[in-house]
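Down below is the structure, laid out as structure tokens.
The first chain written gets the first letter, and so on, giving A, B, C, D, E, F, G and H; residue counts start at 1 in each chain.
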Amino acid sequence: MLSDWGAVFLFFVAAVIFSAGGVVTGFVLAPRRTTAQKVTTYECGVDTIGPTWVQFRTSYFLYALLFLIFDVETIYLYPWAVKFQSLGLFAFIEMIIFLFILIIGLWYAWKEGALEWM
Amino acid sequence: MADYRLPEELMEALKSKFPGMEVSERQDVTLPLDDLVPFMTEIKENPDYAMDFLTNLTCVDYPDYFEMVYNLVSFSHGYTLMVKTRIEDKENPEIPSLIPLWSGADWQEREVYDLLGIVFTGCPGHPTRIFLEENFKGHPLRKDFQWEGGREP
Amino acid sequence: MIDFTLTLLNSISWVAVAFHTLAAVVCISALLVVLVRNIVHAVLWLAVCFVSLAGVFMTLDAAFIAAVQILVYAGAVCIMVVFAIMLIRRGNMGETNLFNKQVWAGGGVAVLVTVLGGFLSFRIRYAGSAPAVPENTVDHIATLLLSKYVIPFEVAALLLLVALVGAIFLAKEVKADADS
Amino acid sequence: MLTLSVSLHHYLILAAVLFGIGLFGVLTKRNAVAVLICIELMLNAININLLAFNKYITPNDFIGQIFSIFVITVAAAEVGVGLAIVIAIYRNKLSVNLDEFDWLKW
Amino acid sequence: MKTQTYYLNLGPQHPSTHGVFRIILELDGEVVVKATPVPGYLHRGIEKLAEARTYTQVIPYTDRMDYLAAMLMNWGYVEAVEKLMGIEVPERAEYIRVIVGELSRIASHMIATGAYGADIGALTAFTYTFRDREYVIDLLEMVSGSRMTFSYFRIGGVAADFPEEFYPAVKKLLDQIPAMCDEYDGLITGNEIFQARTKFVGIIPPEVAVDYSLSGPVLRGSGVNYDLRKVRPYSVYDRFDFEVPLGKNGDCWDRFRIRIEEMRQSKRIIEQALEQMPEGPVLGKVPKVIKPPVGDAYAEIESSKGVYGCYVVSDGSPKPYRVHFRRPSFINLGYLGKLLEGWKIADVIAILGSIDIVLGEVDC
Amino acid sequence: MFGQGLLKGLEITWGRLFGKKHTVNYPYKRIEMFPRFHGRFQLDVDKCIACGLCVNACPNKVIEMEREKVGKKQFLTKYVMRIEYCLFCGLCVESCNRDALRFTNVIDMNQYRRKWVRLTLVDRPAPEAEETPEEAPAKAAKAEAAAGKAPDKEG
Amino acid sequence: MDVKKTAHPVEELTDDPVVIDQVKRLIHIAPLEKLFDYCRARSLWPFGFGLACCAIEGLMAANMPRFDLARFGFEVMRGSPRQADVMLVCGTVTWKAAPFVVRLYEQISEPKWVIAMGSCAISGGPFVDSYHVVPGVDKLIPVDAYIPGCPPRPEAVIEGWLMIKNKILDPKVVNKIRG
Amino acid sequence: MGENIFVDFTAWLRGLISGLGVPDLFNDIILMIVKLAAIIVFIALNATWLVYMERKICAYIQSRVGPRHHGPVGLLQPVFDVVKLMTKEIVLPKNVDLVVFLLAPVLIVVPPIVAYSVLPFGKDMVAIDMNIGLFFLVAVTSLSTIMFWMAGWASNNKYSLVGGMRVVAQMVSYELPLVLAMLGVVMITGTLNLSEVVNAQKNVWFIFAQPIAFLIYFIAGVAETNRPPFDLVEGESEIIAGPYTEYAGMGFAMFYGLAEFANMMVISAMCTVMFLGGWLAPFGLTFIPSWVWFFLKMYLVIFIFMWVRWTFPRIRVDQLMGFGWKVLVPLSLANIFITGTGMYIYRAIGW
């Protein structure tokens, strides 16, 4: 029997082939003409000032951090939710404690202004 | 039509302060160049006039001189006033900038500089061209400006 | 002819094929993570590595862990690293992932450890080869997690909290500076 | 005939190789972020081991899987804090070049 | 930590600069550290061209400044020339001017409203305003023959009287205007997202607004009651009863809301004007060749963007010696650079849109 | 309450979804033009007396006119509107007191080439009538038109 | 087999690798080109590029409820030149703007077309005598269709789009005077 | 009638192939490839149709008529667009990171396509009936984030970069409420298998049992697909086209047409499965095949997406993040508590 992961693998490969095929068709069928002006970066029609790959602010990083922590949290939550009905009250309380600890984290982040966008 | 001119007595007071000033019958004030800044400061700061709004600022290129034209409005009293001053030096016209008094003068002065080449002194880095590119030759609104139109026969 | 092909194909262990392909992808992408000179490319290769590792996990019948792998590593860790890079990078991108002076020494140590590990692994003995695939891993994980391993479970939450607070604390100063 | 097959050893060797690559990176990279990335690789190698043992030795205990979840948790926390530290260092030194911090060399 | 700032060109070609206008933004992340507006991409030298045209021939050129409210542009210019020559404009012409002027204002504000919606992201509002503007434009086309560049005013009056079919059409439109405004209000003004985007964004304090010579809805948004139609009524505006909507906070939302309010007021003015309109000629006694006496004149009207002034100098010949236009959008833009500092990229668009510029007018 | 405005907006768009459509299906159905519409020009040659008022009224020297004196009358030989320069302001039409020059409601003046854009309304030789030597006015008109091409002289 | 040895005919004519590439490509897909043109002509996306007054009529009014270019599928206005097909030059091109107009035109990916809308874009129009106005955008970039008017009515703009469509379908139409 | 045509067809195909003596595994693979092809064709067709639908709905909302002249009622318009885009030059600007630049559009459609593998389109109509289907789907869709970022970063364009950073921050922030909102459903059903989730809604759809979760899911779903009012990524009026600014031709088509609509379909299909009872027929209207119901519901959700899109203005980036973290995340956490407590209370009084 084809196992699940095998099927997923098939899907994955097919998706790549499909989309790569699309892009390659574009390259095959489309006319090409390259001029010096054409390949310049588009920035509203004028030259870019300064380097493009620039530094970005901390706020993005903090969001990513929060997401990472909470994403990890979900991997605990999902198994728990699945078994929620059969695990009993104790597990529920466990999870409340677990969540509570993380909510403290969220609260801290909120308080410290990590949720503010600058 | 209601009258928005300055009352006579205020005008008289100004006249006594700035003897060089001429007033036309339409109450356009013409000033010597040196009096410009003191006069403007006076009519802006003095609460009797309180000309707090600089509506318009432009310049005309007459054959012998440049004439700067300022249109002022007082919000509290409702007066309007047109102030003119002549720049006799046609080669290197210079006039003190009014940005310290009205920030709104900034772009208008830049426009005048750009199109007529009047240099406004008193603010470093000002004026610069605003419409035309830095390397544009000449000042188009001067009467002697020469250019080629692109009309085809 | 068809018969032959069919028997041939039938005889192949597809798990093995998958494993070897995935393992190759894992190793190559991991190597590239170390070798490419542009750190952004390194991160992208890292994502490839993580995804194919998820594939490896699937061959180990750990579908849940595989999904977690994708979710956490490819989805979150990579993003996080990317942001960190965007934040601290200055100047030329091409030369951001260079070696230091201890390449040879480091390489030696690494090879040594690898060989040792590989050697040790052959000394492991275990019974049975391919045990039955257990159904519903998630259920079991949940049950175990909330009964037998409940202490580590809560500790994990604490760990996450501490990490969150610590990281925010560290990064926050950065933010405060930026404001001034 | 192809004689491909998989056994525990395959996984262990894969893990060892991955671990080795990670270690190599950790020891030789100049960029602190790269070092962190390589640590991630090493942790993943450990996960392979855990899952492989889980499957081949204690298929019904799920200890390996649960442990790998914990490992992933730890790894996530480590990345978060690690990167925050890197950023904090960068703020002071305007560089993440590990060669330049004697006090961080190990 | 100081992150590197970087420069971003917003424009010259950008969907929300309302034409060819460029702002060089110095950004830190998404926050504007410094903004340098660069106008001039549409500088066409109208003032110079006017010196080579006769007085009447300048009128079509004024259309091309604020092409969204061209009637008002005509008006300011002919007002100045009439002042210079001392021409009496017939009553009926004045009323016609008021009507078409206010219609033009409505059309202009409709675009401003819709385009602002589009800037904020509500494209549908844009189409609604345009849909309704078509009906306003229809009226103006009926009287002038063009859809945008009307050249309808003449020195001493207007080009032609209203055609008969104009009156029912304008009545019909006026009846619809409140419903239209309500629709915009419901779709844009009342929308919480829109309010969140615009309230307390880009605040201009009243003193600053006056200091920078801002005018029009931008000035009134800051709460300064300065509408020439009320303060110094020109033409026949002193005969109408209308209100000048004012803002409270001087933020984008106020500036935006005022325009919708003004549409409603314009509707009132038109209604009154239609009622009071006398019969009579539409063109005063004007010499065939217009040769004003030597001298100068400065006249102002309240255009849809603010105080629109025109300064005309005559040397006695049939061509003006010098014409200068005080263009409200141009001067309103003067404060933009300062105003943008500290806001985010998205706010830049919101602020620029709330000033409602027309590049033809800015660059002249 | 928060969300009221959002719902209101949804309500409006929902209404519009089924509301009246305002589109005119253009190439198949046309909007009727208003009589004053400034479309393509039309010259009634019989009415035109070649007086040149329209040429003078035009702010942008769009109209090129050539005339010849045939007998007592001016005879229009050429009347070209270079509408690539035209402002469609209507000053020319207004100035024509013979009602010879008029706007039609034709919208489509598009061309694939620039040189075809201009409208040649009249281009005909002068009738063979005895040609008087007084061609001076025509010359003058030509010179005037030529002078118009360099407006900088006027500045 | 022989084909490989002898040079491709086009290579005897030119050395330019770009041209050779193009010609070869065209030969390969020539039969399809008709089909492509059929589709291209029906899917022209404008470049949202407004310069002056004409932009209101040409870019906005023509897209708005009453005239609705969307009926022809020409409404997907792109802000980036890479994704656009047709550059509608609507308005006055000044000398200050000329460099970026050219650049934006260049940056549009092939195939591309240009419509000059309004007197200004055709010839400088009302401002042709000005010191700062380009007398016609065809001085800068090739133009495929001219729409006179100041501003042209949206109907005329729609006609302009249909002209481009016709031109793609049958390139010979450009040799005919319309109307 | 029609109910089982797909299921029957598969069974027939399976029989046919095994009749040829093909081993089971291959039979599986061939069948899977057939399903795969069907899904890809389905996505492609739907994306084209959705482009048309979007334009038409947009037009109707704006009192216009929309595509009309090309093909019957303009139906062929998106087809022409696709062919046009296919034959449009793909510009490769200088200074781009070429490999990443080209990989991004290729990879961007992979996550949605893979996600389809576990979606039940109808009764017994699921390519892979995976035990952890839901979790798998969440994991796979989270991969899109990095592709968007690749596009934004590789373009070497500041607009793209700003857009790329925004898209990551946004998708990351809204993924969390999305995932947490679904948790409530999982708590009730006790399974991660999507078919079982649907079956669990036999009595009551979860939109009624979990209204808060539905709302959160919907909002977060709109944000995940980067559609207005959360379209800061493309933010036409701000940053031109965001990460896709430099993409032309097919590269652009992948982002704009395929990925966007495929993602939207995944989100709305998930919404159908999780909250709207999947393929289950409401009011006992079972004579209509299950998959028809599924599509109807899916399209209903898609329509709401579009309706919302053409009504609301765009939210600003800081408000977006604030809303996600300060409103949606706490709300979804609260939802978990409420669900848990509610279920205990329900059990206490019910049983």
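Heads up, the rule we're going with is that a residue touches a chain if its C-beta (ideal position, glycine included) is under 8 Å from a C-beta of that chain, and two chains touch if they have at least 3 such contacts.
Computed from a prediction, not measured in an experiment: that's the story for all the values here.
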| item | value |
| --- | --- |
| Of all other chains, the one whose Cα centre sits farthest from chain G | D |
| Pair exhibiting more inter-chain C-beta contacts, C-D or C-H | C-D |
| Where chain D and chain H are represented by their mean Cα positions, the distance between them in whole Å | 33 |
| Distance from chain H to chain A - Cα centre to Cα centre, in angstrom | 15 |
| Interchain centroid distance [CA atoms averaged], chain G/chain H, Å | 36 |
| Mean-CA-position distance for chain D and chain A (Å) | 21 |
| Multi-chain contact sites of chain H, meaning residues that touch two or more partners | 25, 61-65, 68, 87-91, 130-131, 135-136, 153, 158-159, 165, 168, 172, 175, 192, 236, 240, 245-246, 249, 310-312, 317-318 |
| Of all residues in chain E, the ones touching two or more other chains | 1, 3-4, 6, 8, 12-15, 28, 30, 40, 43, 45, 48, 52, 60-61, 124, 127-128, 131, 134, 149, 187, 191, 193-194 |
| In chain C, residues with contacts to at least two other chains | 14, 59, 63-64, 68, 71-72, 75-77, 79-80, 82-84, 86-88, 90, 137-138, 141, 145, 156, 160, 163-164, 167-169, 171, 174-175, 177-178 |
| Partner chain E, residues of chain F touching it in the complex | 2-6, 8-9, 11-13, 16, 22, 34-38, 57-59, 87-91, 94, 103, 151, 154-155 |
| Contact footprint of chain B on chain E as seen in their complex | 39-40, 43, 45, 47-48, 208, 210-215, 224, 226, 231-233, 296, 298, 300, 307, 309, 311, 313, 321-322, 324, 326, 330-331, 333-335, 363-364 |
| Touch list for chain A against partner chain G, complex | 28-35, 37-38, 40, 42, 44-46 |
| Residues on chain C engaged by chain H in the complex (per definition of touch) | 3, 6, 9-10, 14, 38, 40-41, 44, 47, 51, 63-64, 67-68, 70-71, 74-76, 78-79, 82-83, 86, 135-138 |
| Of all residues in chain A, those that touch chain D in their complex | 58, 61, 65, 68-69, 71-72, 75-76 |
